[in-house]
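After this come two complexes, each holding chain A, first together with chain B and then together with chain C.
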Partner chain A sequence: MSRQVTQPEKVRTDLIQTELPTPRSGGSRLRTAAFGLGATALLASCASDAPQDTWAPEGKYAQDIHNLQWPIFMIAGIVGVIVFGVVLFVVIKFKDRGQPIPEQGHGNALIEYVFIAIPALLLAGIAVPTVAEVISLNDTDNADCVINVTGQQWWWEYDYPVDASNNICGFAPTGDAAPIVTSGQMVIPVGAKVVIRGTSRDVIHSFWVPKLNGKRDMVPGRVHTWNFEAEQPGIYAGQCAEFCGLSHANMRMEIVALDDADFQAWIDNQLEPYQSPEAGTLAATGEQTFISQCSRCHQIDGLTNADGELVVASPEQFVWSGAAPNLTNLMTRNTFAGASWDLLTEDCRADVWEAPPAEFGAKYLEGVTKSCLNEIDLKEWLRNAPAKKPMYTDPESLADTDGKTRGMPYLALSEDQINELVAYLIERK
Partner chain B sequence: MALIERPAPAEAPAVATPSSSFGVFRRPVESTGWKSWLFTIDHKKLGIMYGAAALFFFLVGGFEALLIRLQLAGPNGTILSADKYNQMFTMHATTMVFLFVMPMAAAFANYFVPLQIGARDVAFPRINAFGFWCFIGGAIFINTSWLLGGAADGGWFMYAPNSSVPFSPTHGIDFWGLGLQITGIASLTGAINLIVTVINMRAPGMSLMKMPIFTWMILVVQFLLLFAIPVITVALFLLMFQRNFDATFFTVEAGADPLLWQHLFWIFGHPEVYILILPSFGIVSEVLPVFSKKPLFGYPLVVFSGAAIGFVGWGVWAHHMFASGLGPISVAVFSVATMAIAIPTGVKIVNWTMTLWGGKLSFTTAMMFSIGLIIEFTIGGLSGVTHAVAPSDTQQTDTYYIVAHFHYVLFGGAILGIFSGLYYWWPKMFGKLLSERLGKWNFWTMIVGMNLAFGPMHIIGLQGQPRRMYVWTDARAGEGFFNLGFWNLISSIGAFILGIGVLLFFINVFVSSRKKERAPLDPWDARSLEWMTTSPPKEHNFDVIPTVGHLDEFFHRKYEDRGEGDHHDFHQVATAEEIMAEQEANADQHIHLPSPSYWPLLLAFSLPVMGYGLIFNLLLVPVGAAIALASMFGWSLEPHTASPADYDPPTPQGGAELEVSTNG
Partner chain C sequence: MFTTGSKLLIGSAAAAWILAAVYGIAQGGTLGSIGLISAAIALSLLAGINVLARDSNVSANEPAGFGASAAAQSTARPSLWPLLVALGATTMTLGLVTNRTFFTLGLIAVIAGTLEWLIQGWSERASGDETYNARARDQMVDPLELPVAGAILAAIVVYAFSRVMLGLPTKTATVAAFAVVATLALGIGTLVAVKRGASKTTLGGTLSIVLVALVAGGVVAGLVGEREIEPHHTTGDLAAKNECTAEETEADEKASQSVASKSNVTAEITYKDEELRAKVPGYNDNFAQLTLQRSNPSNILFHNESDEHARLVIELHPATDDNGQPLGPERVCTALVESGGSQLLTVVIDQPSFVVEEGFAFTVAGSDAELQVVVP
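Let's turn to the complex of A and B:
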């Protein structure tokens, strides 16, 4: 398969480097490493910036796991230190210094029983809270909000069903209720027990947003449920954790938590009727290009063709998994292509991702504005998607999938078509 | 002097079975030269060939690992494409597990189990040769996939349905499945052979509880293999039919549940972990007593804990599936069972430490690798306990934290044990000592390398980097002290230091092979029977089959306790040379060993032929089957020992050897 084209990323890397200190020298790396060995013991208390840090819970379930795991890490650490200490002592103390040949004894029953009893008791002590936590983590009853999650190579789809009382995710839409279908970023209300019902359309994937909960595999033919609850508004990074083929590394997701008012606004915005671009604009041409080039697979709800008929995508005819992301409100999300690339430029992205909880909702709901659009990655994607993200789209490799692709193929779009599409897509929010 | 004699013609069962089967080829009888290796059925030669091949594949797997670490040293690596990367980690694991650690254990088992129990060979020498050639055939078969369209790309766990044709259209997985099927035959035949050998062929006086601990651990492993290999065999057959004959075992649309594969794979895969580690536990349990000048502390408990691990090891497979949606009851049960297995494992750590306690420790390279194992394996064991806790595992599974864990267990456990065994037994196998000076460099470079390579993976994993990703990105790396960028780089540097450490071993082998100086007969003042013969041992192992009275028989022949009551006072009463001289003086007069044979090699050769046939052209399958059938007939009809007519020139009525033997 072809390699990723990284040129535009290089451009961005240069930008970053002008802002950050120059790379550390070898010497300081060594010092950092030496410091690191000592500081590893402080793993529990050290805050860190990695967005998928499993030791920095920000929601109920991750916190429950963390409350269970850190004492166990502590116990393991203490046992380890004792073993190392004893071995070190023995190695120094009983070194051959010409002492006589020791007694050829075969053991000591008391010592042996004691050292069976100690680990047995320790482990029994660990087992009890473990079993309790296993059962509580798997309790997916009494949901405040239910979202259907479907994995496929290599992106996640979220489908918000309308329940019997016409609510979506526990909220009553201001207008008419209809299912919301989105992808990449799953938006949830803060403080609610959100239960996902997950499955897969092709191979096994695993849904994992570490700051909110552990992972749960999504298996084709099975429906697995899993809980999420966020304490604060914000954006929580995740990554498919079960190896799912070629672009496993490029299958990410985010959970976006909004407070109630913002979540209500999000739902209402998602359900707003489709608006065609103003006639005569570049975006209007883009709409036609979208219909001719993209709408075979990608659904935009409410889009009509020249005859006024609804345009309905049929990805099942072209894609092996049978699905492609719904783009109705693409620019309300800020990542694309399996959440692997940003729709926001570097600065705008930081502005949203690093916003304090109180300001986050408003910034997220702005969506992608023209000035914030990361055109480089988006255009590169439209120019040649499989060159950017490894996918099975080469016609020669499709004999075993009835000619259907796994992922988005190369479409041979002209630069004009790409510009039209970008102009059209930027209005999709 | 003892002799391996050919039976006098009158004794040969020449009437009952044709002497030269089918009369196509002369039966190989050479005892020197390449033919003596190619057609050998001597457990020692097979052991050495197992070891050499395994070490070769260790280098191959290591090379694959270095490419992986090069790719991951920085963000958005471009050394490997996504496709090649997926093949690389699949083959790295496959190579290290099936083509290095398992055959390396087979090497030690083949070479030393007969010697440790005072036997002249294994129970079924030709099956032994057949097993070895199956391993070679399967290993080469799997690796030819690199040149024939690409290697397997589904991970060594090969989860369905990602292993089905639509998701992996190249032949890589076909090569993988069929190749492992062939190496599986090697493991299965080897298991039966060694079980029968240990049960039936121990020296007089050697009760099971006087058997050396290494042999005990190998026995446990063979029982694990005997029951685990059939499970993976079934799974691989399902996979073959799924891919090659349109079966629907894993086709979800046809009603299949992909978790079936996971259960089958891990019911094999978890005992497999103990198959990999227990031989090294055995080695360490030999090495520590020798260099502490003390018997193994709590020998019966070490034996029973090994057996307990073997049993409980069957009840923990689903801890590989805590995130797969088994339901809370299953998860809770397997979580607790997994904690339970930590107890017998902990027993071993305690017993090893207590073996050192009060000893007279000499820090040879072999000893250092064994002590290294205690430390590094303990780290792996403790991180194992953290993900026996299933809720905690839902955060850790499929991240680099798990990669760190099993590298501490398998490198820090299995491989350090293997190196300890190599340094300890090298003079026995080749009659020359490996350099202790280079050995210490070898040890420390490997220890520093492995801790730098695998230690940071704990951090990387807890910081949320999943496994099996061909790139990682700055967007998920963070900027704090635990940022992924720095620790991935450290890990890659560590991998290369580790690579240098491994190279030092091969340099040591080269240097020692150039030395003229022979190793002393008993360089370590050892305790068990394999040291009570020449180095390397004679073809028939022992001039006299020893009668065993003690667990550490050789030690007790050398030392006498002159103390009274609780006071002990050991004095050397005999040297190894004196014991050897006495044996040679009283050597057995008539020793019968089976002759070499080419049928095992030919039968093993037929299997990859059928394998290529299944992949490329079904017409090759009957060709391979015909070779197999002919080989089985030839093998069945072949007499135990070669007829005089097979010698060149033929020795019609008793050759020189026979004459000598009648003389005495």
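Let's turn to the complex of A and C:
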């Protein structure tokens, strides 16, 4: 009886072993997963295009943080390896093999003292330089350049005040000094201690440009200061680091560092008086379209209407934060819509971003030319901004904000109007 | 094989499943299907429990156990909980025509009374052992009853005490009342701690008297009403009443002359030697001109280092609507700040400087001191 039962079972087992793939064991899956995870981490660490790499400082303050975090990371790593090694040794060495439980001991003063002293010393060794560094990073006195930074959903405004000596960032403008207001890209002089005075018009944001310094929250009603100093001319990317609503991921910023001569040229250019487009051109029509469609929220300094009166934007009546980007010199910037999209085409952008430090300033100051304009994204934005960047602009759901939008609404512009606006805006530099 | 109760529940569950299937296929209604499926699941569960419990009857093979079984016990004893349910239902009805709060309180009473009644009814027939039944009830209800009762008691004490405090005619009386209550609490606490032999009855009686006195006091104070509380004028009131002059007002008399915990301000403005100077973060120098962001609340800390009282004022030149009406206050100011005093002023300017012909400036009422403000 038993032979009759076991015989077929044996045959079946043979079949499985010869014709079907062997099921993978749990250990094998674990090894594969660990290998996959490790390989992913390795590949990610090899990313060549990482403009927000916290491990690649390019300014004094980021370098100071780097100098602190490296040894701490090393200490933590060594401690981690030792702890895991000891645990692994104990697990293997004393695995339950049915042996009798060894004699239990209680209290060993020497071991306890050592195990208290080692972590205490390690923590003290980490705490002392950390506290000193935190204090040093927060020393925002004696600035060479002060810039007011204001966050709102979902873009940054930068305004450059005129100091007691009638200078801007320590540079005397060639013409009359007046505050400069811009957005998207904050332009600073290389090698200068730049202090930003940051705040917010709506919710808490956080200003973070990893290659130049750590994060600093921008809180409504408070002014928080923070330092930046760039070693080389170039563009340094960052993004809002405090969740601030629907388009938080699209709230980016860039710091552009220029050498002294280029920064002086940038200031002078920003303060140049407004130039109306040549009469009869598409840009001139675009100017009127701008006044009728855009100037309720967006300011262009010096723009006048048909009666010769200054056109003054009133964003506080239409936008919940009370502000919209000043577009006076839009095409001197490389980005728009919260620095989320480039005004330059891909090739032109690469030409500026990858320029050697000595050539960077000239390329940046060239601004956006007609041949380099990224018309596709700009027109998509003008066609339907909320479709490109998620924002609270649906008129039927604005009861909580008294009908004011959070972001740029859909304006139902015709293709002709969009072409006119692009022709007008390309001259704003 | 199946007991009578089990047969009823199994049949009901089967009917509910069939109805749910028929309804779902024939009608396709979501709500009806959900309801029928829910009923079917509930009935199936009950049927399963009942099959296991055999209608709470002991096995037919154990006739000796009949007398001790739960099913053999008398029906549940009379209960006061239905009284609470009735009271709640009445309050709910009253609430429907008077006040929403009554309705909510009535609803809570109905739910609480029903639950307590159900649990009492169940526990008194849980087994043939009354001690076990009482313990079963306590184990089920105590974790809920005790915290809720504690919270209600605390709310009554706090609310009654707050009515008493608000009803007392003067500030001195409130201080005295607080001192008396605190002394009583301390005295009773000390007595209990020292005299450890105090009986629970004595202690409970004392605390009950205190509680009743407190509630009575609260009721009386609530009926009498709160004393008249004089509102403190703010700098906003001063601006609204156009009292941003050098003259001292009633609000100025009561204004605080010191500012606590105001860090991270936009600027500190100091009035000294007939001049206004601004200290802004980032710069070491003092400025005769200040840049403020448009449409953004800016907190300004004002220090009066002159020998006279001084009030910081700024004309805001607000934008106007289509009817020419200003969309915000025309000016804001601090209260009159005494020599050596400080005050905070929050300023929101919604127009850029180039729009306002005369520009923006902080001034000191009754003085020529001026500090230009630039709004980009």
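Simple rule for what comes next: the second predicted complex is superposed on the first by the 375 of 429 C-alpha atoms of A that agree within 3 Å, B and C clash if a C-alpha of one lies under 4 Å from a C-alpha of the other, contacts with A are read in each partner's own complex, and residues count from 1 in each chain.
Keep in mind that, in the parts below, a residue touches a chain if its C-beta (ideal position, glycine included) is under 8 Å from a C-beta of that chain, and two chains touch if they have at least 3 such contacts.
Just so you know, these numbers come straight off a predicted model, no measurement behind them.
Peer 1: Clash or fit: chain B and chain C on chain A?
Peer 2: Here chain B and chain C cannot both sit on chain A without a clash.
Peer 1: May I ask you to decide whether A:Pro277 touches chain B, chain C, both, or neither, giving the answer as first, second, both or neither?
Peer 2: Once the two structures are laid over each other on A, A:Pro277 reaches no partner at all.
Peer 1: Identify the partner contact of A:Val181: answer first if only chain B is touched, second if only chain C is, both if each is, neither if none is.
Peer 2: second
Peer 1: Scan A:Val195 for contacts with chain B and chain C and give back first, second, both or neither.
Peer 2: The answer is second: A:Val195 touches chain C but not chain B.
Peer 1: Quick check for you: in the superposed arrangement, does A:Gly170 touch first (chain B), second (chain C), both or neither?
Peer 2: After superposing on A, A:Gly170 lies clear of both chain B and chain C.
Peer 1: Should A:Asn142 be classified as contacting the first partner (chain B), the second (chain C), both, or neither?
Peer 2: A:Asn142 sits against chain C, while chain B stays out of touch.
Peer 1: Which of the two partners, first being chain B and second being chain C, lies in contact with A:Gln317: first, second, both, or neither?
Peer 2: second
Peer 1: Go through the superposed model and pick first if A:Pro161 touches only chain B, second if only chain C, both, or neither.
Peer 2: second
Peer 1: If you count the residues of chain A that each partner touches, which comes out higher, chain B or chain C?
Peer 2: Of chain B and chain C, B contacts more residues of chain A.
Peer 1: Per the contact definition in the header, classify A:Pro357: touching chain B only (first), chain C only (second), both, or neither.
Peer 2: The answer is neither, since A:Pro357 touches no partner chain.
Peer 1: Which region of chain B runs into chain C, 207-215, 405-413, 549-557 or 639-647, after the two models are superposed?
Peer 2: 639-647
Peer 1: From the superposed pair, tell me which chain A residues show up as contacts to chain B and also as contacts to chain C.
Peer 2: 219-222, 224
Peer 1: Spell out the part of chain A that touches chain B in their complex, as residue ranges.
Peer 2: Going through chain A, the ones touching chain B are 1-4, 6, 9, 13, 16, 29, 32-33, 36, 39-40, 43, 46-55, 62, 64-65, 68-69, 72-73, 76-77, 79-80, 83-84, 86-87, 90-91, 94-96, 99-108, 111-112, 115-116, 119-120, 123, 126-127, 130-131, 133-135, 137-138, 153, 202-204, 206, 208, 210, 213-217, 219-222, 224, 237, 239-249, 252, 320, 342, 390, 392, 397, 399-401, 406.
Peer 1: Can you tell me which positions in chain C touch chain A when the two form their complex?
Peer 2: Going by the criterion above, the answer is residues 263-266, 280-289, 291, 293-297, 299, 319, 327, 346, 350-352, 354-355, 374, 376.
Peer 1: Can you tell me which positions in chain B touch chain A when the two form their complex?
Peer 2: Checking each residue of chain B against chain A gives 76, 78, 81-83, 86, 153-155, 159, 161-162, 165-169, 252, 255-259, 292-301, 323-325, 327-328, 331-332, 335-336, 339-340, 342-343, 346-347, 349-351, 353-354, 356-363, 371, 374-375, 378-379, 382-383, 385-386, 389-399, 455, 458-459, 461-472, 474-484, 486, 490, 551-552, 555, 559, 561, 568-570.
Peer 1: Contact residues on chain A for chain C in the complex?
Peer 2: Residue list for chain A touching chain C: 140-143, 146, 148, 150, 157, 159, 161-164, 178-181, 195, 197, 199, 201, 219-225, 299, 301, 310, 312, 314-317, 321-323, 326.
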